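So that we are looking at the same thing, I have put the structure below in structure tokens.
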């Protein structure tokens, strides 16, 4: 029950907080060595420099390309395998514990294994990113497809629905909100996968920027790269939430 | 009795779930233009019987024929209206009403015409784009009714359709349903636990009783059509109602007594 | 097989109960998967790539502490990582609960901190690791900082959520009994948000494991992350996979323990999936 003036005040406080944060950043930066930290102003100028030189846009493009490809595969495979497992009971029972175990394992640990099978380059990194992102999508889709309301299945039967139509009109629309929740989590995980594969496999993109400038003890540029990653990540998370909400809009009270 | 024009034949039908015998020896015929109410205490299997008629549940004994053909699965021309409404939450009112037609591969023109007509018929004009969660119970059931009617069925099976709806809306919907039926009479089986509703709706009232339940009596209501609210005050209505009530009360009292003995 | 559930009568020839049946199916599936892994790798991959047979052969040696010459020690690495994980979880949980409670109860703290916390939560913490080496050098502090941060963020945000959604009735009751602020915070807000803590904990475990392993790799710290990458690069894959297995089991074990704790400590809370 916040009034609009309260909300305005609240937003101002948040903005003030941001300005104060930037101010602290600036102050601390001025009193530390440039090999370990940089003030806000220097970080911004480093950011600008990288943008102008094209280094940042190239790195961004490379990382986003990897992200898109890997997440895309994760979504498609996760969705279809999730649906498949919902339909085939024995297969699901058999695979369930292994899927849950993989969900709980840091996929980072599998990167050297993937490396030995698929090499260093783009193909291997896409596989890594897909592996990071697929588990929540698969598991959420599976849970959703399994939990379809029995009443609604009966309604479909009473209208003599064929199997394909059952999937199209009932099961898939019901499952999509669950899948999108998984996709939201998958976005976060795939992003980690992008950075991890850029660290461990062929260094490209934003991960490479961080590593390179760290090796040069250039804190300003490292901070700039981290800032960019944070911005991209925040935007992607907002996108993920928006998608999730859009697909759940027929649920009561959304 | 309309056995010559009977559409639904229920022949010696019984149903058993494992060791539990729900009902047995159900013999009933339902005519082409007739509403038969089925009433009985909770657990008497009236809902299960309805599902047997539609082939959603298999009978353990006996056979059900609709238009001469044995029922093995939901037959063409039979539509069900469910107590829980059964609307798909992700479909709009329009899409829900169109569902049966889409499944039957009707043409776009047919769908557009029929859906619009039936939405108007149930009084939901203007709500085509609404989602179920935005609708009241009464409106949801109207949608369910429109969906069933859109497929132009010659048998309508009503599974306690107004049980989950508040009393005032229920009465409105009862008379709306009667009005709609008058304009296109068909075979209707109306399952309910409300004695008044059963007498109001039906040409005949089937009373299920016993454990396992069976048809104890079939009472001709003998009330004139079209039914209006005046019917509630006619002596015949009260007579039939009392008759059904005493048949069922006896059973309820017996059950209560059995419970006491157990204690 | 239709997606419409039908009651299937189990054939009487199966003397096993449904629980035993499931276990059997799972074991059988596991065996099939291992078989496929073995065959495919033997056929198609270079000889040093790990497969079930080579892993099984290496397993007893590794568990006995015998690792190939000049590779990191096994149990020492396990110990180092496990300790770091638990330290991170402990610090992150305590800090996360405190900050989350504060943000939930004090509007000012909420407004000031929310943006930063959401930004840090969205950011992959991996991105911070090299930066931390600039601040803290190539030492164990980097790993500690990363795992603490990794645990702190999800727990803080979840506790914040839980505290914010505290029904006002609870606080009203407390105030009618003249509760002081610490009674409300720790006696009501905290228990009420415990379910959220548990949910955040699961997320935290995942982040902590990733953070620890990446930090170990970048800083070359003794630990499972370093061992895995090192052994991977020196073609000692079977040993590497044993370490991967240990990591997997660690993750599963902590999650199971958290589930058990939920059921014990919070019998009144029904996990809504």
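As written, the chain order gives the labels A, B and C, with residue 1 at the start of each chain.
Simple rule for what comes next: contacts are C-beta pairs under 8 Å (C-beta built on N, C-alpha and C of every residue); 3 or more make two chains touch, one makes a residue touch a chain.
Fair warning: this is a prediction, and the values are worked out from it, not measured in the lab.
Asks: If every chain is reduced to the average of its C-alpha atoms, which one ends up farthest from chain C?
Replies: B
Asks: Give the chain pair that accounts for the most C-beta pairs in contact.
Replies: Chain pair with the maximum contact count: A-C.
Asks: How many angstrom lie between the CA centroids of chain A and chain B, rounded to a whole number?
Replies: That pair's centroid distance is 50 Å.
Asks: Report, in whole Å, the distance between the mean C-alpha point of chain A and the mean C-alpha point of chain C.
Replies: 17
Asks: Going through chain A residue by residue, note those that touch at least 2 other chains and give them in order.
Replies: Answer for chain A, listing residues that touch two or more other chains: 157.
Asks: Taking the complex as given, what residues does chain C use to touch chain A?
Replies: Listed in rising order, the residues of chain C that touch chain A are 1-5, 22, 25-26, 28-30, 33, 45-46, 48-50, 107-108, 111-116, 118-120, 122-124, 126-128, 130-131, 133-135, 205-206, 209-210, 213-214, 217-218, 224-225, 228-229, 231-233, 237, 240-241, 243-244, 247-248, 251-252, 255, 273.
Asks: Show me the residue ranges of chain B that touch chain A in the complex, using the header's touch definition.
Replies: Within the complex, chain B contacts chain A at residues 54, 56, 73-74, 76, 79-80, 82, 84, 86, 88-91, 99-100, 102-103, 131-133, 151.
Asks: If you look only at chain A, which of its residues touch chain B in the complex?
Replies: For this pair, the touching residues of chain A are 151-152, 154-155, 157-162, 165, 169-170, 173-174, 249-253.
Asks: Spell out the part of chain A that touches chain C in their complex, as residue ranges.
Replies: It comes out as residues 10, 13-14, 16-18, 20-21, 35-37, 86-91, 93-98, 100-102, 104-106, 108-113, 115-117, 143, 145, 148, 150, 153, 156-157, 163, 166-167, 171, 188, 191-192, 194-196, 199-200, 206-207, 210-211, 214, 217, 219, 222-223, 225-226, 229-230, 233-234, 236-237.
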